[in-house]
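Notes follow once the structure below has been shown.
Chain nomenclature is as follows: A, B and C, assigned in order of appearance, with residue numbering initiated at 1 for each chain independently.
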């Protein structure tokens, strides 16, 4: 089985889905812009009086707790309930989970009060939410001594959702299959925003593909292929960021097909 | 009649007016930066306790409802009242009007409770506020089947203000004359922020020119000439954005004079 | 005495300190990204329920009143109290002080209710807080007719802190010594964010060096050397910003040692 990543990208470009965000104030521009450059239509709206209406005209909802407040989480719940009713996917970036009690508590509250279809974080964030004993130092990943693939799979199973753990290799699991996306470049970790942008990309692909694990894998793969191309054309993290947008915009069938590096495990068997 | 666009740009650069914003959290950096790169002085302040004071030291006020909340709109009213008292122009970007009831309601509230001197939006947003029957899909323009020049002109007349409809060709009307700005490039629609930035540019030029239709036309024209120059130097939407700032900064008399494409209609007669 | 600026930069890169921010919504991305590109770990968190916890896992706290609200200042106080208890340095950017009564009042409130270790602003902002009679036009510096070095020194003495006045030449004083950082380029004043970024850089260096005047000098020096390098590789303010990030990332021992321009005054004697 080879996932036709480019075919999903083409659907994003053709359907131009509206992706509603309640996201991080640090990276809100980058979240909107990456969705736009992928060819879709970002909408950022957080007033509790309008989030339900906005979610109704969207094809996916992206939540990111990076700069959460208590009121902002309440608006997220209203938006997510509306998204649940409409049946569109809800992606949650558990940005900074583990760093403070408030973040942990609010993650659990969201997971308990609305249906989250995709949980996304780095290793320490996901481990924390999965109940593993790991410390988070701010929003950067710490070394995590455990079988991350097992963590992703069992969290996905217990929450009946898709789990994405980003890192050197991204892990995506729906509770049955575990996918590995081996694209990307370490330069992505030297610039703010790539993690939040990845979540917005996942939301964008989830808007056009019902198999949310496949959608997540395809989105991450495209985004990270663009990063690989951008690194070659840049002289540091500043120019890298610009070139990444250029590269996403220019992704074509041949490039994606040639560069995609996806592996997966089913029933203990490993496939390339 | 040929509008001396460069002369207005020179006045911006000489007078360096303070332009006070209550704007969109997505594009707030770009709104501030484009004003700065044009040579003026952006100020972003939204606390209800200080917006009246801040408007008093400004030469124009820019309001943008892109990420509105109920409280934020109240702060806008306070700022606009102060601007009205001082007699400086107030520009309103009705970003996303038509997408939710809250947005429509708050646009009408602003238009009813304070004097708005320039209303700016894309075709579907302006049509919605003008009372035409159009659906907005998020914040992107949809095809609008109507005579947009007539919509701009009659809204300007009924509200006694200047109306700007941005698009492939920008339409500016003060209720008597209808101007068309034919500069710009479609790459502007592939990157987030160009619409909000255009509003900030209009505010910047309105700060130095009392004829607000001429100010709007000149501002849009300069901004879009820069976009045309930037496209030629860029490889995609990422580098385009950077090059646009470079191009604005370097605009000179010869370039602006040669590239400006402005047409207008008075009493049914068409002039180039 | 020659300050080994590069040695401090190396410590930032090795220790990767967490720098907690409650900052300006205009420049929040740039504040985070410059800290990241310097090799440290930015955290932006402003919910009153978590700021004390977040400050506890940080090595420095950066406060910036650029887009203050009354509630935001209350969150700053909670964060600063926590930072004071832990004994980590608190940097305050008095962005826009003098522009409105609210800003002045809230600056004084912060200075009175918590320990601020470094006060940073441009000439008119610092003069205003020091009680000198100067008008601020928005957030841009105005010509200030006074001995700025004396203002910095006496404010530092009276508040028992370090004072940084940025400008063509940056002035840093701990109340005894006055340092001048003569690096930088006027292009920095044509792009939004360089002032706020400078504050974040100061916070980053204060996180790894107890002598806060030396930390401030070293941070500003590195940042401004990068700006000098970036100007040579750019065609305007757009590309300048990108190249500045690239240049910070690539700073090496030889470049920093050769380019640093620091002077200082002790007991009326002048040293290069």
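Methods note: contacts are C-beta pairs under 8 Å (C-beta built on N, C-alpha and C of every residue); 3 or more make two chains touch, one makes a residue touch a chain.
Keep in mind it's a predicted model, so treat the numbers as computed, not measured.
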So what angle, to the nearest 5 degrees, turns subunit A so that its CA atoms land on those of subunit C?
120
Does the subunit A and subunit B pair touch with the same residues on each side or with different residues, judged by whether over half of the numbers are shared?
different
Round to the nearest whole Å and give the separation of the Cα centres of subunit A and subunit B.
34
Going by the touch rule set out above, which residues of subunit C reach two or more other chains?
25, 29, 241-242
How about subunit C: which of its residues touch subunit B in the complex?
25-27, 29-30, 66-70, 96, 99-103, 137-140, 190-193, 234-239, 241-242
Spell out the part of subunit C that touches subunit A in their complex, as residue ranges.
18, 25, 28-29, 32-33, 36-37, 41-47, 49-50, 53-54, 57-58, 241-250
